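In the two complexes below, chain A is the common chain; its partner is chain B in one and chain C in the other.
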Partner chain A sequence: MSQGDLLHVVTGDDIGERRRFIGKVLIWGSFALMAMAFAWCAIAQTGYLAVELSSWRLALYAYLLWATCLCIAQVVLHGEQGKRTLFVLPATLFVVAMVIFPLIFALTLAFSNWNLSAFEGPRFNGLDNVRQMWTDPFYWNALKNMVYYTLAILVEYSIAFGLALIQATQIRARRFFRVAFLMPLMLSPVAVSWMVGKSMLEIRFGPISQLARWLGWDRPSFFGDPEIARLTIMIMDAWTFIPFMMIMLLAGLQAIPREVQEAARVDGASGWRGFWEVTFPLMLPVSLTAILIRIIFKLKLADIIINVTSGGPGGATDSVTSFIFREYRDRSNVGYGTLLAIVYLALIVIAITAFMKAVDRWMNPKY
Partner chain B sequence: MTEQIFHDHSSDLAYRARWYAGRVAVYGILLVWTVVCLFPIYWTVTTSFKLAPNVMQGHMIPFVDFWPAWKGWDSLGLSPRLIGQESTVREEFVKRFANSAITSVSASALAVVLGSLAAYGLSRFQYRFGFMRNPDISFFFLSQLILPPVVLALPFLVLYRSLDLLDTRIGLILLYTLTVLPIVIWIMRDQFQSIPVELEEAALVDGLSIWKAFLTIVMPIALPGTVAAFILSLVLTWNEYFFAALLTSTNAKTLPVMVASQTGSQGINWWAMAALSTTAIVPLIIIGVALERFIIKGMAAGAVK
Partner chain C sequence: MKTGVYNYMKRAGKLRRRDMLKGLTATGAVTAFSGVATGAGVRPAWAASHDRLRAEILKIPGVGMGSPTDADWQKVGEMCLGPIKEVVSEGEFAGVELTFMGLNNQNLHNFLFRGFLKPWEAYTGARINWIDLAQADYNARLQQSIATGTVDFDIIEMGAPFEGDVLGRGMASVMPDWVRNVIDMDDYVSYLQAPVGTWDGRTYRVSIDGDCHTFAYRTDYFGEGSVTGRDVPATWQEINQISRELKGKADPLTGLDAHGYLDPLKGWGGFGFYFLENRAAAYAKHPNDPAWLFDPDTMKPRVNNPAWVQAIEDVFELIEADAYPADQINADPGTTAFQQFLAGTGSMLMWWGDVGSNARTSDTSVVGDVVGFGINPASDRVYNASTGEWENTMNEAPNMAYIGWGVYVMATVDGDAQRQKAAWSAAAHLGGKDLSLWASAYPSGFQPYRNSHFNYDEWEEAGYDRAFIEDYLGSNADSYNHPNAAIEPRIPGIFQYYSVAEDELAKGFAGQYGSAQETADAIAATWENITDQIGRQQQIALYKASLGM
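== the complex of A and B ==
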């Protein structure tokens, strides 16, 4: 993470005893209130009290109150320095409430059996979910599919790079082409699944099927055969996301000074060698960023699959996300789905860390 | 070597021929890819004006192959014939459209506010929260990007159920804000780092407080980046399907969920689906054409350091 210039200002804060006391009272007072609200909700949920309290809303409001008081107390306690903390604090509190807390909750959820449509609540079942996952062929199949889907990024990357190279040269109507190429990215994946997946690829009347028939494919079927179905999903996903990589690469290409290429040409490099030995190495950092972000987006792939094939035929197109979605839809068991998701997250974190370490090792070799 | 005056030697002509061949190839590729990008949109828009026989005979070009009809738009109650009348379908559609618009705009706005504050703080001040220093805090925010939505989906389903937030727009807005926050922070940090610190130093010397300097001096300069972040968030949240499908049912259902729920049931009723899909993509197409500059700027941020 690069760090820009920092703003160094000396501040003369004179915080009196009284002010410090008020700040502390604000924080701990509101914290006590929040604790009480949580306790109150928890007790009311068990039903021992004769109060009708259907939800934990009160606890949510108490958290908001505590967060606000914490922010105000920063200024009261630390003066000018506190005003600086105030820049980061709201976002931090938001993320903690929306990610850290649910993740901890998810960990408890993952080891329980909880059918949301049934009346009874969660039941702790230890490692049952893990055992079930271990023998669930569909989950492993979905993970394997994710590997295929991720590998497809290399093809997407080469197409995007080619298009970016062309766009970086002298062409007419540059803005028109740029807007046209950007369009697929703006479309909602759900609309795309209908537009392309359900109508253009429709076997009888879809224009692409007609084109395929005209080209000599007698009975085009895009979702019948497992391999072809996976390929079709890959192409549809690539179609929406190639513009994204293209734009990042184009920005990188435009940042390379023209003189570098000119120098290479003067030195007698042909266009091909000039690309491989000058442009491509210079583009490596940008390429890796683009690929990394693309991988991150690819790992979330679900909308198209859910709406076009819903995982079929026989789970050949399932991504992990779409599989868990279906698992929940069919059985409404949140416990098992959460465990699968957490295992997926762990695998992603390991894979991405390894990827980044490998890239780092490769880019800055230690001799 | 004498200077060359005439360019009609055979090697020169060959060079020109190659140049033309190259141009033709370049524009050929560009045009083919343009067709690949735009044909589905064209197909959807024209199909919304087709009738059953047009669909089955594979007619493509309006006014030549077939005569446009309003049947698809009738089914949404949006055709000129029905626009003045009461229509339950249109009410339903308008409700979904409004849900989508409200959630995506508020979530993007909230994310831009929270995100640019955090990004500014991180690019200007030295923080220490326990063991966390600036790079750690930045990583804490940006690492949210790799969190796949499915990890949060089911816990949030349960949490929202006990908080009574299921099927409300507020719940959806909070979740959407979370998903776009790292992207906003990324773009805005890049933006703030390109603004020289001397500006704020001068402002502070002139007696402004740090917040005043941020609001009146830094933010106006950072406006292009802010717009870029806002629009990218808007695109992502308008198109979001996964959370909306899980967490909403009747009240807060958004447009993508409506589109998805109709895909299965409509069969060969393509004109209706095409009209619905068109309405789902048109707002973003307009934004894309009008504000293409900002979108590209936003995505290029971070690519070039």
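== the complex of A and C ==
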């Protein structure tokens, strides 16, 4: 133990050779058992052992045993230092079990041919699923739609910013409007689908259709034309989530000291220049956070689409998630569906990372 | 009976008051004589004449006397226990526990089964544990149980389309001969006879329901002086012609635009494909060939043969003619039936047995008094897949969409003779001839499916209006017993084929394919992929088995 550790360690452990040996035996012995259990289960699954594998429970027990031995061994090997490790190690092992194993399982599935109706069960099929994805027009169409949906966030942001600016001023019934504007956010997207998509936009009796007819649109149709259908989905989704951006931006606006705007006015800045050169730059960190979170929400867009258009007409409103939902739920195509989901996850991680890097460079330029 | 039908009859006065009172009196008499009111001390009425028993159960609680309760279900279960008592002795299954997986739709299905089986439990000593599922969760739960080998139920309520997944894998128990006698399978309507419910010549299914699509039309659109000036169409060719001719005319009821046939153009989790099937059946289901979706020897899809292409072309033609209501491309079958047809949009529709009857139970319905029924329209020519030629002959082919629910016993009980007999006796009780009559006549979620269910005298005696019953049941009976009924292929993953076809059809309807043939070819290509993925040889074998070939 180093001299510096004396500040934090109460007892000076004397770790002997025998104790060190026991610690290592605990770790590597239990690890060997776990490796054997995993190997047994893996080989049994292939059918070579002529043993019916009912589950991988044996591997789970072996992992628990190894995790327990690893924790005990920390104390055996390192004494009080090991006890400090125990504050973190069990949680780490739990996270590994809950994240790493399912991820490995998902990756295994992603490169398998597993249709739940196939009698053979999952079969490794190499890159076949990737090749299928590469030539799948429905997936690429859904990805293209996601680009449109994501770009619509810029419009949503502008509207949300405008509403936040109005809310930040001393208007009448300000509290009422704040609550009223927040109402759509409190609604489940499924409820929005039915209330707006299926009822208010119903072509014969829906009030919006009747208004459209009154305004001179003889045969209103909100989901018949691909572009109009996509726009309608965008509007419904925006209606739900603009309040979310608005409330974040409003909080940001209220955090800006009033003196800054007053100083700008004293210096002769007009209303527009005061906003564009003072308020907007100061709001950038909040704005980017709001946009980032909104992008994450948007990439999960599925419920409204599934309920209202099922991705139609002809895939014009399909999102990646709604397509994967059909692939999984209606077609029990677990292998291919998993690959699509993992590729989408990878794309999201890459895109979000790139976005954050770009924002970081923009916000903190290195001269 | 579907709940909607029953409610409709109540509201529309199709239950006669005089007979209702007679029913009430009779119920009182039955109760007084048999001690039903005390629950446990019921003297089974099965000992009395069979006809009398059927009349008596139809008086519980009495048509029009409110929805039956759990107590009523138990009474009916008790009174119909006779056939079981002939093959099972009292307390024979003491200590046996079975698990039943079924639906909880509309608080029916499993809820009824609980009541029906309560007297069975009391008599046999067995106990049932219940797994209740929402319809939307059913498929995923079943497929996951099958795929992961975690079948944790002994008896299952299941639709015939899933027989390929379950029976094809040998996961179900073969029906013992004594069950066949108890439930009187010869009484089933034609299409529920083998091969439905059978696999490789063995029987697995106790039917408790029947399903088919029937033709519903607006009576005020047809006849002399009507908006069409024509008789009710008998063929799909006439339907398309009328639909085109109606463009620009006004609906006689609502005054809004008149429309002809309503094709749902949006998918519905695979169920939407049934509606293209309705058109295609008339063209593609040749009387000499049980197959109409795939070639049984190769599993090559027939969905892109001239018959199916004609069906798709028919829809394209109406889209191009702008004959559908606006936004039809976003109308799924549910929308088409309940938000359009019942609300006075459109004049013709194919649907299961309950759309006409819902006419007055839906708040938005305006067509309650102007609904007529018929079987799936015919075609004036039929395609012969074996010769590759069209034959100019009138062809009818009712579409037995979904075939209906049945009760199946899983192979998990086969290792224990006592459990096996217990499970099968429970299934036989639920599919009993007399109990099924009651389920046909009262809200249960099930439609009539036995020839004996179409004895209109029994319905009239129970208090139903004869004319309506004949109209309502007649179209079902004619479809069920049609010699050229188009039966669903009960192969694994059948809804995968339907679902992917819906996606391709949606693209075709949206104009993304150049023609009906291109659309059909795209569907065929995806079907080939699914067949290869699931296993072609296996699918061929199971398809043949499902067709009884």
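Following the convention adopted for this analysis, the second predicted complex is superposed on the first by the 263 of 367 C-alpha atoms of A that agree within 3 Å, B and C clash if a C-alpha of one lies under 4 Å from a C-alpha of the other, contacts with A are read in each partner's own complex, and residues count from 1 in each chain.
The definition used in the following text is that a contact is a pair of C-beta atoms (placed from the backbone, for glycine too) under 8 Å apart; a residue touches a chain by one contact, two chains touch by 3 or more.
The structure presented is a predicted model; accordingly, all values stated were derived computationally and were not measured.
Contact with chain C, but none with chain B, is seen for A:Phe222 once the two complexes are overlaid on the shared chain. Judged by the touch definition given at the top, the superposed model places A:Val99 against chain B, while chain C stays out of reach. Of the two partner chains placed around the shared chain by superposition, chain B is the only one that A:Phe177 touches, whereas chain C remains out of contact. In the superposed model, A:Leu26 makes contact with neither chain B nor chain C. When the shared chain is aligned, no partner comes close enough to touch A:Ala44: not chain B, not chain C. When both complexes are overlaid on chain A, the residue A:Ala73 reaches neither chain B nor chain C.
When the two structures are aligned on the shared chain, A:Phe325 is found in touch with chain B, with no touch to chain C. Of the two partner chains, chain C is the only one that A:Gly315 touches; chain B does not reach it. Using the contact criterion defined above for the overlaid structures, shared-chain residue A:Ala152 touches neither chain B nor chain C, since it reaches no partner. Number of chain A residues touched is higher for B, counting chain B against chain C.
Across the two superposed structures, the residue set of chain A contacted by chain B and also by chain C is 54, 114, 116, 204-205, 334. The residues of chain A lying in touch with chain B in their complex are 1-7, 9, 54-57, 60, 80, 83-88, 90-92, 94-95, 98-99, 102-103, 105-106, 109, 114, 116, 162-163, 166, 169, 171, 175, 177-196, 198-200, 204-205, 207, 210, 239, 243-244, 247-252, 255, 285-286, 289-290, 293, 296, 299-300, 302-303, 306-307, 320-321, 324-325, 328, 334, 337-338, 341-342, 344-345, 348-349, 352. The part of chain B that touches chain A in the complex is made up of residues 26-27, 29-30, 33-34, 36-41, 43-44, 47, 55-56, 58, 60, 114-115, 117-118, 120-127, 129, 134-135, 137-141, 144-159, 161-164, 174-175, 177-178, 181, 185, 192-194, 196-197, 200-201, 204, 209-211, 214, 235, 238-239, 241-242, 245-246, 255-257, 259-260, 263, 268, 270, 273-274, 277, 280-281, 284-285, 287-289, 292, 295-296, 299-300, 302-305. Touching chain C in their complex are the following residues of chain A: 54, 113-121, 138, 202-205, 219-224, 226, 229, 308-316, 326, 329-334. On the side of chain C, the complex with chain A involves touching residues 139-140, 143-144, 146-147, 149, 164-165, 168-169, 256, 266-270, 325-330, 332, 339, 343, 345, 364, 492-493, 495-496, 499-500, 503, 506-512, 530, 533-535, 538.
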